[in-house]
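Two complexes follow with chain A in common, the first pairing it with chain B and the second with chain C.
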Partner chain A sequence: MSLQELLHSPLRVVNLGIESFKDTCEAFSPPAIQVDWRPPAEVSPESEAILSKRAARIERANQKALEIILSGTPKLVGLDIARNVIPGMRENLILHSGPPITWERMSGPTRGGIMAGLVYEGRAATIEEAEALAASGEIEYAPCHEHATVGPMAGIVTPSMPVMIIQNETYGNLAYCTLNEGLGKVLRYGAFGEEVNTRLKWMENTLYPVLKAAVARTGPIDLKNMIAQALHMGDEVHNRNRAGTSLFYRAIAPAIVETCESKADAVAVLTFINGNDHFFLNLSMPACKATLDAARNIKGSSIVVAMCRNGTDFGVQLAGTGNEWFTAPAEVPDALYFAGFSKADANPDIGDSAITETGGLGGFAIAAAPAIVQFVGGHAADALRYTYEMYEITAAESRMYQIPALDFRGTPTGIDVRKVVERNRVPVIDTGVAHKKAGVGQVGAGIVSAPMGPFAKAYDALARSLQ
Partner chain B sequence: MNTISRIKKGFYFDSVTLMRVGRELSGLPGVSEASVVMASDANKAILDMSKLLLPEIEKASDQDLAIVVRAKDKKTAEEAMAKAEELLNNRKKPNGSACATAPSPRDIASAVEALPGANLALISIAGRYAAREAQRALTAGLNVMLFSDNVSVEAEAALKKEAHRRGLIVMGPDCGTAIINGVPLAFANVVPRGPIGVVGASGTGLQEVTCIIANEGSGISQAIGTGGRDIKDAVGGISFLDAMEALAADPETKVLLLVAKPPQPGVLKKIRALMRKVEKPVVALLLGEGGPPATLEQAAWMALAHAAGQDPGEVAARLEQRDAALREEARQIVAKRKQATGRYLRGLFSGGTFCAEAQVVLHGVLRQIYSNAPLGDSKKLKNAWKPEKNALVDLGEDEFTVGRAHPMIDFTLRNKMLEEQAALPETAVLLLDVVLGYGANPDPVAELAPVIRKAARKVFVVAGMTGTDGDPQNRNQVVEALKAAGAHVKLTNAAASLLAGYIADEMAHKPR
Partner chain C sequence: MSLQELLHSPLRVVNLGIESFKDTCEAFSPPAIQVDWRPPAEVSPESEAILSKRAARIERANQKALEIILSGTPKLVGLDIARNVIPGMRENLILHSGPPITWERMSGPTRGGIMAGLVYEGRAATIEEAEALAASGEIEYAPCHEHATVGPMAGIVTPSMPVMIIQNETYGNLAYCTLNEGLGKVLRYGAFGEEVNTRLKWMENTLYPVLKAAVARTGPIDLKNMIAQALHMGDEVHNRNRAGTSLFYRAIAPAIVETCESKADAVAVLTFINGNDHFFLNLSMPACKATLDAARNIKGSSIVVAMCRNGTDFGVQLAGTGNEWFTAPAEVPDALYFAGFSKADANPDIGDSAITETGGLGGFAIAAAPAIVQFVGGHAADALRYTYEMYEITAAESRMYQIPALDFRGTPTGIDVRKVVERNRVPVIDTGVAHKKAGVGQVGAGIVSAPMGPFAKAYDALARSLQ
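And now, the complex of A and B:
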């Protein structure tokens, strides 16, 4: 509004700084607004100048990326064995969560998961043998994310593991994820031993064929729709998946009964899904992965397409910077711990499950999940506040995923790295916590803030790419 | 170590609530471990791992709540158990509202989204970040008032060029005051709306003229501050000239009143050229350039005369009468105090423009005037902390403000100096400015009255009051309280300075 117009319009003041100035404006010419300003994260002034100069171009690239993210339609289309379907999967390759990492730098849970995986594959008879083989250099490691896959916690995927196949129907691309093992002593938390191996074998020999046949009968299952419903039923599909699991159960149960020849197997599979509130996590994650992967490689875009952790590093990838990883040390979550455990036992943040936050769910949608607000401060209002704050760092609102308590506002979607850095606010992730020692398992859950480091690096790299 | 447990039958809490209670208990001094869980088989297994599975918990069912505490002694454990009950009871009560209002926006762009019709950004954050936020405000289409200082002159010029290109204005940096559409911004007074439009490159100067106008029963259309550096050639007077143009075109503005210290030549030329083009009366005070108008007071009175359709030439005669009355008042004040000694005036100012105006006023009255911010014939004080002869000290200068709040807000330093100067035998009269309004000290009486009361036992105290009866401090009460403390209070800085000068002059000529 020009100065001329200003002098003939009601004064509407945006106040940055001394708050009493806003109060005076409010008293004389309401409304006025206070900006909760804080100094920006430290990035080079050159990067800032470039990104400011290229703002129009970034905006165009982001519109393209956001349209892809908002219009993706992930569906469960089938199951298969990892080696048959995951691109680039081979016998001596093991996938893990998070950005790339060597055996030497891997955290306890990741190592434990790999050792359990080698025993499961029959490559080692004992855990000791598995550890020696894992460290020998004979086994290759790669991030799930680089193979169209996501894995919760340690995220270990070995060639013989069954995986669910999710197709983004709009763009045709596929994503993969293993089946959720449930809670307790499980490989994804780095646990190993008889119990873990027995369950994995049962999953391969019973759960997988039964589910595969059932999904073949139902045809593609629309996960986008199911997630949208789950949000209305109190899930944020990262740390709470009870509604999503129930919805999936409802969709799949008749087909299991219909297609499974062994009544005992049908009962076992249905009981397993029914007893595992997190079964749906391994569907919400690849649903987000399939949706976000379609928005990769859009030059100039500042939208985040992956956030993930390998228990050592936190990694970020942007739509505009190809396969480049931006990393910083992962932080130890300040979570709620199970009895007998404390922060001292906790491993730094781990897992690809932050793909849900990247896709506008999880911590970003926690306002939809009042049942777990204890993780974020104890009051329903705290959950609303977290979600509100995430609107400050995202570029769009989901057209499909809505939050009833915000009058069905779409979830904050499409993290813009510029907003993260310039507003100095990092994404919140609503996560489980693994014990730092291999083999122990989950010790807590809570909310964790992403470190600023990877975002600051991504910001600089985006600037370099636009120089 | 002492481990105790309690079973509560038929209590249900969700596991996360229980974990929180457990965590709070574990944090109590002397408690090594605590767990509050439903006694399910899975939880019993976890308790067993931590050696917390007491026999009675083993017997409990998954419908029962188990609390177990391990502490350094029995008493500590019992206390923790009581705490657990208390925490669990509190959980049962409704706790706050589920309604959260949207949090404050984190930057200007989202503030603009949240406030339809936003048209001005008022920025008072640390200087090193201020220019960047001002730039963002301009990009968002907002006019800017930049209260922050420590913004480079290069950044200022760049911002103002950009604003000019967009038809916007940047007031400041270091712009302490403005009144836009009747709204006092930052440090400003409550002034009715009226026919006089003010452009000021001097913050306190702008406050003073708007208050005089209000106190004379008139009002202002707009008061636009520009920051003191605007009228340097490096900036080129961009905001000053744009503000003049805007007021020239504004139908509400009948008279323009310009307030500044003398601009640099290039800018002065442009201002004069624009003044000739404006088809409304323009009163320009360039403080220290002579006159008329020579003072803020005279400039305000001339603008008032224009607005009332009177001859501004008559202002000089009215001022002469007023000055004579002040001379007489000074004579009587001095005559009443037989025991007073001292011969010098010591002025301690929180507003730099007041210090400058006082020098203009006193040059015809007193000799040997010294200042840390000398103007005209004044000499430079060797040490601003040690006033000599007739001294006028600007406490807003850098030597006083580094590491301290501005003296308009924090009276501590001036109060200390007032006490020091009152105690010197050479001091005859203390002169100070008191600025009211938004942003200024909310209770000046509480801090000033005791100091004045003490000083007035030894020397004469004169206070110039800048404020209106609409100001939040209640001006009349402040005036009465300061008078009761022993000060002679005038409602303009010029009158106060003159009265103080006459008193010093009377004292200097007093037969001893």
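And now, the complex of A and C:
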């Protein structure tokens, strides 16, 4: 490059010194690059050698995976009852968040959610009966993720629950998610009892049919576009969904009015959605699931297609390693706890909602949502920093999801397990926190770092697959 | 201060050097202070001497004015027809934006809006007839601001138009504003014709009664709270109102469903609001008007209570100088022009919407709305810079309206005309741009600086009032 060319190139700052100087530079474009070298995470030298030797092949596989992820077009196409539509759903099966787990190893909130689910299904009259049945061996458990489904927190899906159906229009595949119950005493945080059950029944009998008819009237609702708009309105669509919920509400309300015979039901449904700023989470999650599932089974790809937690283990899946799970113990979040609660009350990280981070949203897009620090703790500058750090472990930038404060830079998308391991930097996840005991509910929200374990195992497995 | 104390105080950076270094510091708290000294604007040494001598008295008056402005609580309390509620409204009177002006000196869009208004009122059958009537001397014109009203762009209010009624609950005073027509060919941008008139009639016959009944059902809607939320969602509530519109929609939709007898009308109203992201502008403006009007007539106060433009002149009023107007020619905005238009097509700055800046919103709060640069031009960093600059000419920070990206710092509120003049820094206004010819409509949007002239005149007048 001639001096002439150099002077006409955009300025880039490479900072080898105090990181805070780079931070201040970064707040203004052009972005600065921090050479933040850390020793790689511990992996076998053999794996490293294989992945290095196969780099070109991995690159080709990744380009294919990334193109699929970037071009996915998730749309809400309808609603139905879980047993009618979720592949492999059956009367004795209960789905849960995270990687596979047995009743014996399940955490309090997962058990609480299952117990609430069995009461809701009419399989048990009391929570005690439900607990006995759940532990009896009669009920089968499987991860949502293995049934094209995602669920926030405990992620419990029982056969009678209504689910929203999201189609990735570009690739045809479907994903499913239950309807968001709101905050307070709710099943997904492991709460149970009269209040929880009454709400679930209302959701089945009123919310579900009203929404189903409205979505049939509107036709497919473009969630990719809605998420993109929400990022321009201060959401990261994991822990902050006020804008997404507003946009969905605006889109669906006229159709609800048109299709709902009962004025009282229409008002109740609109009031319910208006009262729950997390409603859109159960749309952003399956939107990401539908987008990422299309990129599964691309041999050689080091791109992560699932990160999830069942409250005991943190699980990871790669595009290049099929249905294999890589797990390690989930960590207890350093969170902003609600009054009266502390870290001692908190369950380890739980939920499929990290699918948003896997899709380049949530903690990865948190620079778009500075107001979230009120909910999860920290300063606005932390939100910028988290997003900048995630560019270091991702292989692409979204073409559609942008961060206005970074001059509309695409969000960091497509976690490359090689970068996670070699740069020794784990994904940040912007999450809610459940009480560790069944039956209590949410106790806080915060930012949690994924454990390195699952990524290191996935790294080794990818190497083995390319030997 | 001992060294011990100094070390335990929050760090403040005073930068006398290159401003960009301060900018980068500012993006992270604690904020840096730029000593950006400019020679004062030209004002008489006599005025300067008087205001300096009366500084303590001005300070007391300002504290009173600021307390009123900061504690205002604007709420939407109802709707009615202009002639029934706007004080002094009469059949031959048409209100317009900005300071007083005669037909002869009016700009194209103001004339176009008046012509459209006369056709809408049935006072003229054609635009040609309307123009002749408007120029005949038979019609009286007065500023919206003198009738407790504000109007965006041309700001035309005729007797039959529906208006929203905003009450400042703390002080009891009322403010009025018409309903927002949306974008495209609309009266407020000086457009006329069949399309404009048909929409205005629909607004009078359907939108107005439906909204009136719904607001009667909800009871007063807290606009202060809604604006505060909108700032957390990327609006500055002048040129970006997508979040405000969404929040208003969420609040009003259930009441529309409950109160509207005709399903078709309810759907049409919801669809209209959903299709117009500027709907909330006509609520944020009168919210600011109701807030600021309560601080009028406080002798000695140098706080600005109105900035507005009629497309020819830019006008300013102070809390301390009663109903006197201080004016100078309005400037043509350096804007982002729509395809096919340029600055040569643009009318000078127009509209009462600068009441948002006067109230600490709009251009003053633009750091909350980085996505707006897509609409008005520039980079996200410019949005931060504009807001920082406005702290230099304001006397307070909002207790309610916050900027998440600045760690929830209150927006710069209460323009002190002394700071404008002595620091030689004028307010920035984030505005839409009308075509200079009647009948065309919007051609762009951008950031415009207020002219210094009205502030210099106000400064002198304040001095005279304290001689």
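As a convention for this text, the second predicted complex is superposed on the first by the 428 of 467 C-alpha atoms of A that agree within 3 Å, B and C clash if a C-alpha of one lies under 4 Å from a C-alpha of the other, contacts with A are read in each partner's own complex, and residues count from 1 in each chain.
Simple rule for what comes next: a residue touches a chain if its C-beta (ideal position, glycine included) is under 8 Å from a C-beta of that chain, and two chains touch if they have at least 3 such contacts.
All values derive from a computational prediction rather than experimental measurement.
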Report task. Pick one for A:336: touches chain B only (first), chain C only (second), both, or neither. Result -> first
Query raised in the report: Counting only touches as set out at the top, which of chain B and chain C does A:374 meet: first, second, both, neither?
Result: both
Report task. Return first, second, both or neither, reflecting whether A:422 touches chain B, chain C, both chains, or no partner chain. Result -> first
Query raised in the report: For A:125, is the partner it touches chain B (first), chain C (second), both, or none of the two (neither)?
Result: neither
Query raised in the report: Which touches a greater number of chain A residues, chain B or chain C?
Result: B
**Report entry** Which of chain B and chain C A:405 touches, first, second, both or neither
**Finding:** both
Report task. Please work out whether A:242 is in contact with chain B alone, chain C alone, both, or neither, and reply first, second, both or neither. Result -> second
Query raised in the report: If you stack the two complexes on chain A, which partner ends up touching A:253: first (chain B), second (chain C), both, or neither?
Result: second
Query raised in the report: Should A:49 be classified as contacting the first partner (chain B), the second (chain C), both, or neither?
Result: neither
**Report entry** Doubly contacted chain A residues - partners chain C and chain B
**Finding:** 20, 24-25, 28-29, 370-371, 374, 379-381, 405
**Report entry** chain B partner contacts - residues on chain A that touch it in the complex
**Finding:** 1-18, 20-22, 24-25, 28-29, 31-40, 184, 336-340, 342, 370-372, 374-375, 378-382, 384-385, 388-389, 392, 405, 422-425, 444-445
Query raised in the report: Touching chain A in the complex: which residues of chain C?
Result: 20, 23-25, 27-29, 229, 232-235, 242-243, 246-247, 249-251, 253-254, 257-258, 263, 266-267, 270-271, 274, 370-371, 373-374, 379-381, 384, 404-408
Report summary line: In the complex, chain B touches chain A at residues 14, 16-17, 19-20, 22-23, 26, 33-37, 42-43, 46-47, 49-50, 52, 95-100, 102-108, 110-112, 114-126, 129, 133, 137, 141-143, 147-148, 166-169, 180-186, 221-222, 242-243, 246, 249-250, 252, 438-439
